[in-house]
C-alpha cells in the first residue's frame, strides 16, 4: 500500500456514523475512498454541497457539481445545495464534526501552517482558516516528512499559521499522534519503523502512550 | 420599465475604477458573458471582489490575464498562475481573506451591519492590524462590511421582475453579492414570466436585481 | 373623507414606481388602498413576504399568508417568501425604499417614539426600530393630535425613542411636514385649517415654505 | 438511526430550566404540537427565545398562560395580554429586542460569530449598557450571539434525513433557529424519503436537524 492510501485509510477509521466531514484538497480527498463498511458520514464541500457521493464515471461529470478543488463529484439522495454564507455558517458554527486537511507544518501546540510559503507560494487560505477554526475536530493527514526529508512536525511552526492550537490529531504513514497539552502523544506507530526512528524523523519531542498500537494497514 | 438589457446597454453602465463583485467559485456559477463584455468595453482599474481568481482563461481570471484589475479582494488565487505572477511583480494588489470571512463581510454590507466578529484568523496574519474584540472570554476579529459599486452575478433562471433561482453548486457567492452592491446585474440562462417561479423557491428577491442579461450559451 | 383615509391617500402620493414599501400596522396599512393609478410599488412585510397584494376576499384567507400584524393578505405573481434574517437584510440593508409608520410622538429633529409608554403600554418594538433605521425614507402617518387633543409633534420626544433623527416626512390630516435641519417645514396645509391654528395644535415651531400648497383631498 | 420520534420520545428530551428557541411569527409557522407536548410534560422555568409571545391560546403564548416561562427574549408581546400582565407583576422577565437584531443574534450563534454590529437601536434604550463600536464614522451596537439548549421549529415537509422545506410566511425564524441550538426538533406536516426534495430547494440542511416529529393536524 502506498503511503498516501495508508494515511487516508487510517484517517477514515476516525469517523462515526452521522459525522459531517469536510475533506481538504489533495491527500485528504482520498479519505472518502476508505470509509469503513457500516459507517455513514455526510461529506460537506465549502462551495455549497452537503451529501457528496463518489466520483462520477468518466463522461458522466456535471460541470455544476464540483468540490472545492473544482473536481467533478456527485450528490447523494438527501444531499442539498446552499450559498457560501450558509456553507460557512455550517463550518464556522461548529456543524461540521471533522475536517481533514494537509499541512506544510504542524506543531506540538496544535498550530497549523498550510496556506503559504512567503515569497514562494501564496495561493491564499481559501476556506482552510474557517475550517480549522470552526470544525469540532481537526485531523491533519500528511506524509511525515517533506520531499527533501525535513520534518513537518515541529516544536513550533515557522511558516505563517492557518490557525492557532486547533489541530487534534496528526496521521502520517509513520504514526498517529494526538495533540495534548503535554505535547504530541503517539497512539499508533507503523510496523516498519521503531520509536527511535520515528523520533529522529520528527522535529518535536514525542510522548509514547503505554497502550501504543501498531498502525494497521488497510485491507 | 423592463430590467432586461442587452450587452451594449450593459457596457454603457461601465466606467474605469469601479469596484465590482463577481459571483462564482473556480469558474462555477460565474457570469462569463458579463465578464467577456467587461473586457470588450475596455474599462480598467477594477477593484475586484470574488471568491477566487479562477483560471487564466475562465471566470474572472480573464480580467487578471488582461490586466484590468487594480486590486483583488479574494480568498484564493492558486489556480491562476497569472495572479501569482502579478502578485510577485506587484502589478496587481491582492488582499487575501479567509473565504468564510469574505462571504460574511459581503453579507454584512448587504444586511446594513457594520462588520462581523469572527474567530477565523485569530493568531494568524489575517488578524494583523485589525481590532480584536473579546466576548465571553473568546477573541474575535472585527472585519468591516464589504460593499461594491456593482455586482455581476449568475443565476440559472430569472423572472421578468428579477427573482432569481440558482442550480447545484453554481449558487455560492451570487445570492449574498445581490444584497451588497449599488447596481446588480444578473446573467441568466433563461427568463420567464413573473409568477412562473414558485415564491417559496426564489433565492434572490426581485427587488435586489437592477438588470438582467441573457447569457450567451 | 375621514381623517385616516385622507392621511393614507396623501402618503400614497409619495411613492414612485419600483419603490419597495413597508407599511406599519394600523393607519399605515390603509395606504395600500390609495396607490395612484400607474404607480407600481412592491410591498414588503417583515414576517417574510415581498409582493403583497390586496386583502383576500372573505372566505379566501390563507392562514399562512399574513402580514406582520397577523392580518390575512395575498401575494402577487412575482412575489416571494423568505426567512426573518433575510427579511431584515432587506430592511436594515437599505433595500426598502420607504417605510410608513404611526407615531406616539415625533419631534422636529426627526426623532420618533412609537413603541412604548413606560408603565402603561409595553408591547415591544417588533420590527419598528429596524425599519426606521434601515429604510431609505421614513414617513410618519398619524392623526395630528392625541384623542385628548395634545400635540404628538414636539420639540423633543419625551417617550422612549424608536430611532434618532430618522424621520423624513410627517403626514397628518392637517399638514404635510418635512424634517429639515432647520426644523419642521410645512409643505402642505389642509384647506380647513389656518397656519395659526396648525401652529397652535403643534408642539414644535413650524416653518412654512414659500410654495405652501393646499393638501389635496383624495378622490 | 432514525431521526423520527414520537411525542413521548420528545417529552423524554425535556427538563426544567431549558433555554428554548421556538419558531413562528404571531402563531404562523409555529410548532403547535411540540408546544402542547411541552405543556403536558410538566417542565417549567423555560428561557424562551422567540419573535413574539403569540396569543394566550396560540403559539408560545400558551406557555405564558401556563406560567412555565421564567424569561422571554422576544421582540413583541403586544398581542398577548397575559404577557403584559406578567411583565407588570414581575412574574416573568421580558427582554425586549428589536426583531432584526434578534434574528441576527440567533444567526450569529449558528454561524460561529461572536455577535453582531447593528445600527438598530442607536440613541434608544435598546443601546443602554451595550458596547458601541464606531466604524467609518457610524455607530453600531455590539449585540452578542444568542444560542439555546433546544430549538423547536416548524416546517411543512421533511425528508427522512432531516432536510426541511417551508411554505409561505411560515418560514420566518425557523431556518435560523435550526443553526443555533444544541438540539433541534422539527415538527412537520409530512415526511418523505431522502431524495424526494429537490436539493436546490432544501432550506434547512439535514445535518442541523436532530429529531423529526410528525405534527398533529
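To keep things simple, chains are lettered A, B, C and D as they appear, and every chain counts its residues starting from 1.
Heads up, the rule we're going with is that a contact is a pair of C-beta atoms (placed from the backbone, for glycine too) under 8 Å apart; a residue touches a chain by one contact, two chains touch by 3 or more.
As the structure is a computational prediction, the values presented were derived from the model and not from experiment.
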item	value
Chain whose Cα centroid lies at the greatest distance from that of subunit A	C
C-D or A-D - the one linked by more C-beta pairs in contact	C-D
Chain centre separation (subunit A, subunit D; CA means) in Å	35
Between subunit B and subunit A, distance of the C-alpha-averaged centres to the nearest whole Å	29
Geometric centre distance via CA averages, subunit D-subunit B, whole Å	32
Numbers and ranges of subunit D residues touching at least 2 other chains	104, 107, 111-113, 118-119, 166-168, 199-200
Numbers and ranges of subunit A residues touching at least 2 other chains	75, 81-82, 88, 91-92, 133-134
Pairwise touch network: line, ring, star, complete, or other	other
Interchain contacts (touch definition) - all pairs	A-B, A-D, B-C, B-D, C-D
Residue numbers on subunit B that touch subunit A, as the complex places them	25-29, 51-52, 74-79, 84, 87, 94, 96, 98-101, 103-104, 106-107, 118-126, 166-176, 203
Residues of subunit D touching subunit B in the complex	104, 108, 111-119, 133, 135-136, 138, 140, 142, 144-145, 165-168, 199-201
Subunit A residues touching subunit D - in the complex, by the definition given at the top	17-18, 20, 42, 44, 50-51, 75, 77-82, 86, 88-95, 133-134
Interface residues, subunit D side, partner subunit A - complex	1, 107, 109-113, 159-161, 163, 179, 193-195, 197, 199-200, 202, 205-208
Residues of subunit A touching subunit B in the complex	45-49, 62-66, 68-70, 75, 81-85, 87-88, 91-92, 111, 122-130, 133-134, 160-165
